[in-house]
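What follows is a set of notes on a single structure, which appears directly below.
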Amino acid sequence: MDCYPLPRDNARMTVRVGVINVTGFAGMEAARLLWNHPAAKLTAITGRSLAGQKLGEAFPHLACYHDLLITEEIESDVDVVFSALPTAASAAACEPFVRRGIPVVDIAADFRLRDPAAFQEWFGQPHPAPDLLAAAVYGLPELNRDRIRSAKLVANPGCYPAASILALAPAVAAGLTGPAIVVDAKSGISGAGRGSRGSYGYSEVNEDVSAYKVANHNHQPEIAQELAALSEAPAPRVTFVPHLVPMTRGIHATCYAPLKRDVSREEVIAIYREFYNDAPFTAVSVTPPHTKHTLGNNMCLVSPEVDRRNGMLVAIGVLDNLVKGAAGQAIENMNLMLGLDQTAGLDLPAVYP
Amino acid sequence: MDCYPLPRDNARMTVRVGVINVTGFAGMEAARLLWNHPAAKLTAITGRSLAGQKLGEAFPHLACYHDLLITEEIESDVDVVFSALPTAASAAACEPFVRRGIPVVDIAADFRLRDPAAFQEWFGQPHPAPDLLAAAVYGLPELNRDRIRSAKLVANPGCYPAASILALAPAVAAGLTGPAIVVDAKSGISGAGRGSRGSYGYSEVNEDVSAYKVANHNHQPEIAQELAALSEAPAPRVTFVPHLVPMTRGIHATCYAPLKRDVSREEVIAIYREFYNDAPFTAVSVTPPHTKHTLGNNMCLVSPEVDRRNGMLVAIGVLDNLVKGAAGQAIENMNLMLGLDQTAGLDLPAVYP
Amino acid sequence: MDCYPLPRDNARMTVRVGVINVTGFAGMEAARLLWNHPAAKLTAITGRSLAGQKLGEAFPHLACYHDLLITEEIESDVDVVFSALPTAASAAACEPFVRRGIPVVDIAADFRLRDPAAFQEWFGQPHPAPDLLAAAVYGLPELNRDRIRSAKLVANPGCYPAASILALAPAVAAGLTGPAIVVDAKSGISGAGRGSRGSYGYSEVNEDVSAYKVANHNHQPEIAQELAALSEAPAPRVTFVPHLVPMTRGIHATCYAPLKRDVSREEVIAIYREFYNDAPFTAVSVTPPHTKHTLGNNMCLVSPEVDRRNGMLVAIGVLDNLVKGAAGQAIENMNLMLGLDQTAGLDLPAVYP
Amino acid sequence: MDCYPLPRDNARMTVRVGVINVTGFAGMEAARLLWNHPAAKLTAITGRSLAGQKLGEAFPHLACYHDLLITEEIESDVDVVFSALPTAASAAACEPFVRRGIPVVDIAADFRLRDPAAFQEWFGQPHPAPDLLAAAVYGLPELNRDRIRSAKLVANPGCYPAASILALAPAVAAGLTGPAIVVDAKSGISGAGRGSRGSYGYSEVNEDVSAYKVANHNHQPEIAQELAALSEAPAPRVTFVPHLVPMTRGIHATCYAPLKRDVSREEVIAIYREFYNDAPFTAVSVTPPHTKHTLGNNMCLVSPEVDRRNGMLVAIGVLDNLVKGAAGQAIENMNLMLGLDQTAGLDLPAVYP
């Protein structure tokens, strides 16, 4: 594949960003979004299998990066690091940067669960860097903006938890809901990662819906942990079932929580609007939102509905799993950590239709 | 479009089938499936907009019906009638056949709810033929086989209820579950019907997931009614949320019910297997089933899973909304009503991939 | 995955069919179609990677075959053999059956090119069984029905050639066209085979069209060979470009051939209709045909159009690559070789929508 | 749908853009792309059916435009106008702006054919403003950059012609090709427009490929006209066949032209690279390009291949029909007409996967 350089003026850019494992979908997406960041520039990228190639040669849609070399390790000075490695491998890669005081956003799951015993339970191995857990901040700005601003290590939320927590947080924080919560989530196939195969082949996945890891996915404790932090005792119990649907991008989390008191739809919507009043990337919709209305941008659309016959809150959250569910969220966290405008580089309409 | 007649020997066929509104997706599918029925033959079809055309000319995939005329009304003698008209219009079309004692399968929703007040509540109009309700049998053979055998009017289940009820019935009947049930259902777009437009255009629906009629869909009382019939008091309360996913065919119902006692996965699976022991078209899967494994055939695959951390049953049902969710189910009901083999004409593997 | 046996009466079946490599898409599809064959039964199946499993356990959509074991080699007596192995491996597997006089349909490309030098040129290796080439008949019944009836070894056409040759044959045979032919073909992804990966992952293939092996695909000489057999000198030169489009099944071949004389659309259509007058599975359409009108069945729809401004014939052929382009064609050939009705087991409407 | 304003600094913007018929797909896409333009701002928009609504309310993905009102006519002063009306209606809407000297980019087909008789032939009606034709410039900067810079009325190319002409232009201009050209084009469904229905419903279009307007599409004379302008006599004759494939965005034009002399692939690639040396948005690929590598951005990827066996050039062009095939091209033309950087606002990587 040829390079087709697009002219641009990078002179005003100052923040140098390194991305570890740029060759997965989340890493690639960080590169895409950073291209238009007004104050940051991608300057160092790693990726074992493609080391030695230029990014723009390896991935034609990133041809603008025609002169940026993929290396085995981050070789130049950077001002911030994203790790998009698989969970468990990621902590080890983040650790040296954290110890040197360089801001790190970990897109993997290594630093999301605060309790190392929970990590052991859900990931089947000891936590790779338990002494760093205390310093890690869960990177959902709608909940933790100020703490992210002063953090040096941010655990970027999982794609399912981001949609689910944002859908439920206002109701849980307002004490509206009881503890038996169900999260039924639908994901596009890119959530399975680049080069995923076998059961993710086009012919097998197209025209198909299926659940997987029923009530046994490691995003379940992450959702429960963050809702518990918003809730009075008893902590919510979360039954989480993820599904694959035949589309490339998008998460649709449909969350069910019993209401503790009779409440009108209007009241709930007002609570949600108040909660997200100053959140630039989470908007409250009064009609069921479409994943496609977030394709390629950093928005999360949430929509609460009340089933008064049954005393049940139905709260929906939708987002693009590679943007607000991964790389866009990481940039938003970077912006906060570095004192930049929270929305810098992310002020993009969705690609529709 | 030309006709391309396939040769076949119809000599042994005896049952003459009429389909009212053959031009919708459910009616077309009945025609497709009846072509290979060993003891029934499609002999009369109606469809206002295409009346006067041959079925094989109107729909190229049904070219085998090159000499069957679409008429405004059923004009020849038939031994059984399917109505695939929209709800409310359907009852009026069925009524004369019912009164003459001709077996009728109503694929619409007119005769599903036994209480005319519930019809008024959910469909916003008085029931069009309340005196026929007592004679109608809910056409899910897994629950009502013997009653269907002696019925003259069968209410064919809705596509969502078929998947949801079959997923939950064994657990509810066994008294395992408490009353607060959630059904989160995902449907292919053909459920919206032929010629559906605007919001069902390809560009709008592709790469999109969205919920609709949240906790307000008229399949909700149908599910609740049938589960109540299986359950001790108190009757289950069902929160039902349907979603559209970008595929043509398929229903995936994920059902959540609190468990009243601690029960193992193995015990639940045994209960399900026993329940469906003699059901030819419902099979119990020990792994999450795929909608695509039912594409084009009359199977419903159900799979129960136990979330022991939270005391929750997760029961999944998948089927093809146009077959086990509509036309195939209608033929299965016809077979039972007429004393034919329950599986006649329906013994087809799914089309995969 | 559980078995869910469908009851059926196999008593009248007599022909025992063996399928070598039942675990690829073409082999699986042969199993699907044979289930409903009135005079043949699948009795022996091989597949290295899944040997020892029951077919109905390995593939849920074939659960009806709950007691048929996948073995490493054909171990029981069979009356006819299909080989769905990859090209070059297939000839070796077919050879012992051919030598014993058992009818063989080779779904691979081994016996399609009559000239072993062409095989060497296009497949990059010597022909594995050149002495069998003389006995092989090209298995397109629309052209070679009588020769297939007396053949013991049939080379089943490639999916692209089947659509392309059927689109062009009447015009070429009538001497209407000059030699510079272009075939632009679009294929669903299942043509790439089961378990194909990397570049055939859902996320990469969805929402994408691309060409591959431009003017360098080994179906090119197959198309040219068969058109040359229909044509006066000089033999047609075929430029063939295949494309992948985001669907699972279907081939759409758009063929361009310069017209040697001014001819009306009506005249061309009449020539096509006459040519396919007694072909049960090829129909002439006067409007552009849709691949979806053949999904799951054995039809090929062809449609000729005349660009009179430019003196160009545009002839379209569409079919399901796994049925008329592979397994269905193999059964049609089997029917002819064994003296059965040509359409036995194949009289199925397409699955639409 | 709620508004969710994204903060941004519009202070530096100066060019006021009006879009007539912002409610179609091309108009919506112009709004999406203009949001990030550094020197232009969308200030006036029309759309009959939605007049009176805010753009951000009518289209959730454009929620950033929460305060921009859709009106019936352009009501405020603008510095440049895009018309995205249907052909024939567009000329009338453009005319007053042209007469007042305001730069106009017509995204419809009204001013593309220079000969009003050709318009009559292909569009079936007299040209609505023949006296403006002489002033119109065909807006393909790769061919006409300098003329666009001084134009007041630019005819934005059709999506098919843009891909086809860019694929063929270097070879035609170099005199490599003979006159009998075939263009086989594949388009995503968004090319059929917003609210297109009936035959463009999801269930009908998904898993389907079909041709339409075979050799009879009004983009045919547009391609022929522009290639003729590059060519020595005799002018190329173009057989053009468009196809719909199941994806939302993307055009893939596969162009076949007989070579007048033996030429190597390397020589052809060198000619192409030289031709597009200073074109920021057309790149030469040495492997078959993927439509998905241009999703959402303004690139056209072209790739020439030589079929030496048959003396045929196969030249491929791919682009996003709503960007380089419509709204992005319009912005590129606007940039040139107004003396802005040609790439302003368009320097975006494609959205992949």
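Note that the chains take the letters A, B, C and D in the order they are written out, and that residue 1 is the start of every chain.
We adopt the following convention: a contact is a pair of C-beta atoms (placed from the backbone, for glycine too) under 8 Å apart; a residue touches a chain by one contact, two chains touch by 3 or more.
This structure is a prediction, so every number in the text was calculated from the model and none was measured.
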Looking at chain pairs A-D and B-D, which one is connected by more C-beta pairs in contact?
A-D
Relative to subunit A, which chain's C-alpha centre is the most remote?
C
So, in whole Å, the Cα centroid of subunit A is separated from that of subunit B by 39
Could you please state the distance in Å, as a whole number, between where the Cα atoms of subunit A are centred and where those of subunit D are centred?
35
Averaging only over C-alpha atoms, locate the centres of subunit B and subunit D and give their separation in whole Å.
46
Can you tell me which residues of subunit D touch two or more of the remaining chains?
25, 188, 190, 194, 203, 206-207, 246-249, 289-290, 292, 295, 353
With touch defined as at the start, can you tell me which subunit A residues reach subunit C in the complex?
25, 188-190, 192, 194-198, 200-203, 205-207, 246-248
Contacting residues of subunit A [partner subunit D, same complex]:
1-4, 6-8, 25, 28, 31-32, 35-36, 59-64, 190, 194, 206-207, 248-249, 280, 282-287, 289-290, 292-297, 299, 301, 341, 343, 347-353
Touch list for subunit D against partner subunit C, complex:
180, 182, 184, 186, 188, 203-204, 206-212, 214-215, 237-239, 241, 243, 245-250, 252, 254, 256, 258, 288-292, 295, 305-307, 309-310, 312, 314, 316, 318, 353
